[in-house]
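Have a look at the structure below before the remarks.
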Amino acid sequence: MPDGQLPVLDVRDLKTVFRTRRGEVHAVNSVSFDLKPGELLGVVGESGSGKSVTMMSLIGLLPSPPAEVRDGQVLFGDNDLLKADEDTLRAIRGARIGFVFQDPMTSLNPVFTVGYQLMEPLRKHMGLNKKAARARAQELLELVGIPDAGRRLKDYPHQFSGGMRQRVMIAIALACDPEVLIADEPTTALDVTIQAQILELVKELRQKLGMAIVWITHDLGVIAGIADRVMVMYGGQIVEHAPVKELFGNPQHPYTRALLGTVPAMHGTREARLRVIEGQPPVLDAPPAACPFRARCTHSFERCERENPPRIPVGPLHDAACFWNPATGGPRDA
Amino acid sequence: MTDTDDRRDDVPAEPAANPAGAGAAPALDPASTYRAPRNQWLDVWDQFKSHRGALIGAAVFILILLAVTIGPYIWTIDPTYIDIRAKNQGPTLAHPLGTDQLGRDTLSRMLAGGRVSIAVGLTAMALSILIGTVIGVIAGYFKRLDGPLMRFTDLFLALPLLPLLLVAVLLFRDMLSKTFGPEGGVFILIVSLIGITSWMQTARIVRGDVLALKEREFVLAGRSIGTPSRRMITRHILPNVLSPIMVSATLGIATAIITESALSFLGFGFPPDFPTWGRLLFDSVDRMQLYPERVIWPGLAISLTVLSVNYIGDGLRDALDPRIRGR
Amino acid sequence: MPDGTPPNKLVEVYDLKMHFPIYGGVLRRRVGEVKAVDGVSFDIHEGETLGLVGESGCGKSTCGRAVLRLYEVTDGAVKIEGENIADWSAEHLRKVRPKMQMVFQDPQASLNPRMTVASIIGEPLDEHTRQSKKDKLNRVYHLMDAVGLNRDFANRYPHEFSGGQRQRIGIARALALNPRFIVCDEPIAALDVSIQAQVVNLLEDLQEEFGLTYLFISHDLSMVRHIADRVAVMYLGKIVELAPRDALYDSPLHPYTQALLSAVPEPDPSLEARTERIILKGDVPSPANPPKGCNFCTRCPQVMDICRQTEPEYREVAPGHFTACHLQDGQPQQQQQQQATDAGQPAPAQRQEQSQQGEDT
Amino acid sequence: MKLRTLLLGAAAATALAPVSAMAERGSDGQLNIIYWQAPSTLNPFLSGGTKEVESASMIIEPLVRFDQDGNMVPWLAADIPTLENGGVAEDLKSITWTLKEGIVWSDGTPLTAADAVFTWEYCTHPEGGCAQSSYFDGVSSVEAVDDLTIKVSFTEAKPFPYTAFVGSESPIIQAAQFADCLGAKAPECTEANFNPIGTGPFMVTEFKPNDVITLEMNPNFREADKPAFATVVFKGGGDAAAAARSVMETGEFDYAWNLQLDPMLLDEMQAKGLGTVVSAFATSVERIHVNQTNPDPSLGEGRATVDNPHPFLTDPAIGKAMSMAIDRELLVEIGYGAGGQPTCNVLPAPAVYASTANDGCLVQDIEGAKAVLEEAGWTDTDGDGIRDKDGVKLSVLYQTSTNAVRQDTQALVKQWWEEIGIETELRNIDASVFFGGDPGSPDTFQKFFADVEMYTNNFAGVDPEAYMANWRCSEIPGPDSQWQGSNIQRFCSEEYDALVDELSKTAGIDARAAIVKQMNDMLMESYSIIPLIWRGNPSAHANSLGGVMMNDWDSEIWNIKDWYRIDG
Amino acid sequence: MLTFTIRRLLLAIPTLLLISLVIFLLLELAPGDPMAQVPLTVPPEVKEKMRQALGLGEPVHIRYLKWIWQFFVIEPMNLIDAMFGTSLAEGQLRVISWQTRSPVMDIVAQRLPQTLWVVGVAYVVAVLIAIPIGVYSAYKQYSWFDQAGTFVTMVGFSVPPFFSGVLVIVIFSVNLGWFPSIYDTTHRVTDWDSFVVQLKQMIMPVMVLALQITSQISRFMRASMLDNLGQDYVRTARAKGMTESTVVLMHVLRNSMIPVVTVIALGIPSIFGGAIITEQVFKVNGIGQLLITAIQANDMPMVQTLTFIFAVLIVLFNLIADVLYGILDPRIRYD
């Protein structure tokens, strides 16, 4: 590690499988990554690429059945979360790892007040009494920029607008000063102007609180503005991983490159036609024995059919799971 | 009015969504192979099969249906024939289920009774479903009629049904008996009464579903094409409310059989010498200690039928619910 | 900017209002209304694409549906080829339906799950033509080819397809009757990024092939920039700004448009760092209870006293550039001149050049 | 004089009154009685139902009751007036009763002759709708000669004057309580109707209509040490099987009424040793009425009236064949057990009136029945198993009330009749409708819109005069009489009517008996009535209950004052 | 919320009037005659007179209005009289039963206690049993407990009470002698012992009834739980580190109870309606038995009044259920 910091979260070789009546779906295949204190790791991918499942797997939030974490290690502090018992996990969830989910409409319990839902983790994990919890809850709402926080504690989720609700979700996630915040598409359900508000808020909070954040999204634009490092996922595995500027400036994996190409620009040149990635994302009914992107890849060759490419270092802190070298236009030697 | 972005990445849904896409994945790649077209009913059947209770239920119900329809042609003893010398017999070769206090053959009475009970159940259910569906669809589809029709439904819901059922039996029994004979008249009466008094739930469910369907974009799409209302209903609405209707149908059969037996108990059902399961059970209850088998047979038959249709309903509910089907 | 022959106006919308009543009180009297669309005017020229953008709940979808007369409009006129269809009866309307079609947002919800692809695409033919079965099937096959669906899929059901393919089915259905005008109601919102581009390209190809006119409703500003010739921005039931694409994106006049554009995240970290964002405060007010004066006055960073009093007039401040903002009250002339230099009315015929020109600047 | 015999019997009955071990009034706690039909009122004048009459019999009393053998027992009367003791006038036009001395109502006021006079007024008030007014038929006046002497006068000579104030259906009510309840107001006196003050052993503490009556002993009852029970709970509702079970299987109740159940079932229950089935025979006969008029619906107004004779049932040969085809013994075995005997007479009791001329029917004779039909020209010409003659088929509709035993009987009879070539269709009607007497309903037994119908009838008391008069031509129900009338099968014979008149003028039991037997035989030979079973009335009492004297002539709990708890 | 309630109450008035008219007219058609119970010996003229005395001589609409007046004005006045000792309704003609010739309402009041005891307790017991069963079945969907629960509830639904009732009597009264087979409506609870007696006589009817009610409510509870278990907020609660019991018993149960509570409220009128068959079997002479005897005896005023009381209760509890829904679910605020 260049900056010598120990990762707060270290995931190694995670494998998660869904068992359905039609057979198994290998949603996450040998995913490894780490998260350093205070950094924001962006995770990009289309639906079904396994990005959410990866994060849920870490901490036992996937419903089982049908989900089953098959293999791997998740080192968080002294614990391997995959081996930890439910009590340990429960003590970590909400206290040391906070979650923000995509849809703030449905992620809050409609029949409890926001205050109650906010105080729940405070009382459980921090052992605060009611009064202290309320005070802290108000503080948290103020922190996430909800005006008139004291009064709004008594309101129900439906009395908040979408953006405000997402702020509440963030407040809940931050309630116990977690070391890690996992945000699963937190702005996807929001309008652009509201999304901008939330992004601004997160940047602000990062500065104030300094926790590490995993930010899952399918929107490259969001990632570009907020992340330190980015992982691109496709077909249940990490296909490219780099610091944000490196990734956008020098994408190595054909998928990343294609993905960047499909987004029409807001400024400058307007292309006559959008670039497309033909075909559909794969369904992983078996552990992949070949590159999952090969069918849609314009550069695939014989080796891609035979072998699932490992993550190959392509630069400082930059790796890509691809046999093709964009610099040469030919196979990469690995 | 809704501009919501539906792009959700719901985790548990992921595995469910994927296989659906898989069948047709290589759309732009005609060379690759794809699965044969699947009828959606096959999917339903697949899911239904996986519900063991429903499968057993279906098997039992079909067995019962076969028994009561074909049974009397195989076991030809007249259910009303009195063989007084053979009264109160236990199971023998001549009378596998024994005989009653007049020496009538219990097996043939069970078969004849089941025929009536199941016929009552099926026809009453069909009637109730028909009324409920028509009212539900019309109320849900035509906004102007919604208010009046739902008030009408509420009115029926607020009517105390059993008392009215009993009064109606008193009222119309004779008229109908005269026209259709004592058994036919009572059959028509009971069936129509049960049907008329049990459609409201179906109507409400169907209306709710139709209202939701109306908001679905494919209905809007139909409108934008200019499909007239009646074809809208037959083409887009009805096929899509089929599942709640089928579930209420199974429950309807069970309720109708139970109601018929309750009417028998209260003395408002079929003529006493006309066997139905409810009547057979009721007649034997007094002699329960002496001849327990005589309550067991009809009791078992009713319970098995109701259980089996209930399980079928349960299975259908699961099988027809796309949210569950994926699991 | 050459502005020779004025192109045909295929669709003209004047002061369209779509109010949904709210009932309340003991007697269920009408106590108010949701002004989903509140006095919207625009027109769409033959062969062009008008983008309609805005946030959730701003009324853009309602507007699109009202234009197609899928609702009974409250007030205003909708002219298709000069005929005002706003108050036509359902039967009368049926006859003009083939001219105007719609592509829906949710490809899952817009296809009847109990019908096969062939019957879905063929439904408009059943309704409006008397072709033989065989002709119909041929037409269906033809349409499937046009949208890039394999003919072998004709007898399948929608749930067997992926989102992008379903959207293709929806497009094929819309094309079945050779429409001239298609309302695309957020056709890509429910699709994955990699698929969005496929669908948008298809729409563009079809436009070219069949000379279609689109009303393209979307909240994705970058995609609208790509596909639309002119863009209208809606806020709380009203159009706040309407301008040719480049004029709008390069020099937005209305503060809302400015905020909206600046809120779009840029997929380029270097650009992203430099962008000065305008972060709007608060949320969109309820359309049932819009603020007095300018609808945007509650969130506008440049709000003035007059904004809270008087509703700004929607007017043309530069050729083809309309806006409703008090900020433009004082300087119409100046703005117009400035505007005239870098943007003009893009005629459909000049589309190609127009984009070339865009590249040059 | 036969009357003397009756009187002697009465004396004997009094003497025999249980010499029980009972020590004092109210010492035996609570008595639980269950009637599976619940009384709706305690005023027997407002409802003629057995359940009302019998429940009221614990509270209000007549002058005379009939004992278990049908003998008269003086109850409120000091003795039974006869010609000999001068109580009955020589011209048979009046009878004078004397009350026992010192009888007081349960409220402590004395019972006087004026109460009897009031009772007469109450029950004969034209707007009162008294259910028991027939007991006062022919009574011209009731006078209080003095406080204890009541004189009942008749319009015509009455050889059998023991009707008014005799038996449980004609009790005396308290004038003071019902003074304001005459005529149309009678039904509105809810308080009085639900809580009549009486002279009987018990008085009402609470009456819940159609549910339960709680009673307690009458502190002013005339017999110092009676009743033995301090309280009575008279529960109503349910069904016969449950009532039987509660007495004989669970022992919750001490007495259960009217257990017309499968005899096997009763035997089985009795075997538990908790209770005993007792039955009393009086005059109840389960019979089939053979309609002499045509019930064809196409006749409209003329349906089932004397204007339209029945197409074939007027032929006695058919009735005879029907009767011969029935195995009465088997019917008893299946449905009645000890509670029934086969009979061939519509009047099987009292013994002195019972004819023996028709006993041939006791043995089933299918072949004989066939021969009778053949002889009468009814043959099966078209081979469908149904006999016919001149294009008329022997096809009958056989109706009765809904009741498990009756349905079994119906099923059996149907089989036998079909065996001799008479097609039979069964129908049954809810008892409340069948016996409801509602002129609007087509299903009453009086309307008789069927070919044959089956039910039980009897008469109260011991004198059959009124009963036998049921079959006069004038008693035929029809539209002009609102379908009221007791000649249900529409039998009509001048000869018979003459005998009715003769009977009403005849005194002397032997002479009366001869006439009655002749009438009975005449009815039997017409085969318009097919008697089946002389029915007992089965009830059950707990083995710990003593003093029960099963009685079908009067209320079956007529002697409840003498009931007591057997210790141990 | 208040305006909603008021509006619903106002709407209930025409509904109830319409229902009363339907009931009245239907029963008008019934072949009932108050004289049916009057013995045959009474001459027809007298019967006609008696009929007049009961107000039967008048045309239908007058009788309907009279009945409505009696029901809505005179009977409530009688209730006030009975409660406060006033004499508002003295001398006014009340609704009189043809069968017993006593005011219908008095009999209803007499019958209500036992019905409420038995059916009400059964309802409470059933709800108390059904909810945990429903919750656990849903939580462990397709477990053996769920399967067994499904089976038992369906058996409960499929066995007619005239059979299950007699069966428990045979077992517990006849063979074991634990409980009385006949309900004593005169029993008063005054102390512990009499309470035990009351409990004993209630157990069997309550058991039979509760089995049926449990079947329905537990199925409903299960479905509602299943709906809510899949919701996003459940995941949020888990992500907050809440224990499973908090997640299920606080978050999911609270939400699932909303529809169930309204279903329970909707079922309450049936308590007052009594249980016709179960009451017959155990001789609990309550409202149900009253109704059936009234029907059999053609006692039209009684049938009319009872059916109409049920209708009023059904309408009322429908309203209560809707209001409850609004109260329980903060998202729903009518108006």
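Here the chain labels run A, B, C, D and E in written order, and each chain numbers its own residues starting at 1.
Everything that follows uses one rule, which is that a residue touches a chain if its C-beta (ideal position, glycine included) is under 8 Å from a C-beta of that chain, and two chains touch if they have at least 3 such contacts.
Because the structure is a prediction, the values reported are computed rather than measured.
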Checklist entry - If you walk touching chains, what's the least steps from chain C to chain D? => result 2
Item to check | Touching both chain A and chain B (chains) | outcome: C, E
Next on the checklist: Roughly how far is chain A from chain D, centre to centre by C-alpha average, rounded to an integer in Å?
Outcome noted: 92
Next on the checklist: Can you compute the centre-to-centre distance for chain D and chain E, using the mean CA position of each chain? Integer Å is fine.
Outcome noted: 40
Checklist entry - Distance-wise, how many Å sit between the C-alpha centres of chain B and chain D, to the nearest whole number? => result 49
Checklist outcome for this item: In whole angstrom, the CA-centroid distance of chain A from chain E equals 55
Item to check | Shared interface positions of chain B, touching two or more other chains | outcome: 4-5, 7, 12, 21, 25, 27-28, 170, 267, 285-286, 289
Item to check | Residues of chain E touching at least two other chains | outcome: 31, 174, 280, 296
Checklist entry - In chain D, what residues contact two or more other chains? => result 239, 430
Next on the checklist: So in the complex, the part of chain A that touches chain C is made up of which residues?
Outcome noted: 46-47, 161-164, 191-197, 199-200, 218-225, 244-245, 248-249, 258-260, 262-267, 269-278, 280-281
Item to check | Touch list for chain B against partner chain D, complex | outcome: 80-82, 84, 87-88, 101-102, 104, 170, 174, 178, 182, 267, 271-273, 283, 285-287, 289-290
Item to check | chain C partner contacts - residues on chain B that touch it in the complex | outcome: 1-7, 20-21, 23-25, 27-28, 30, 34, 37-40, 216-218, 220-228, 231, 235-236, 239-240, 242, 322
Checklist outcome for this item: In the complex, chain E touches chain D at residues 31-33, 35-47, 49-50, 53, 96-97, 99-103, 106-107, 110-111, 169, 173-174, 177, 180-182, 184-186, 280-281, 283, 285, 289-290, 293, 296-298
Checklist outcome for this item: Given the complex, residues on chain C that touch chain A span 55-56, 162, 164, 192-198, 200-201, 204, 219, 221-223, 225-226, 249, 259-272, 277, 279-280, 283-284, 352, 355, 358-359
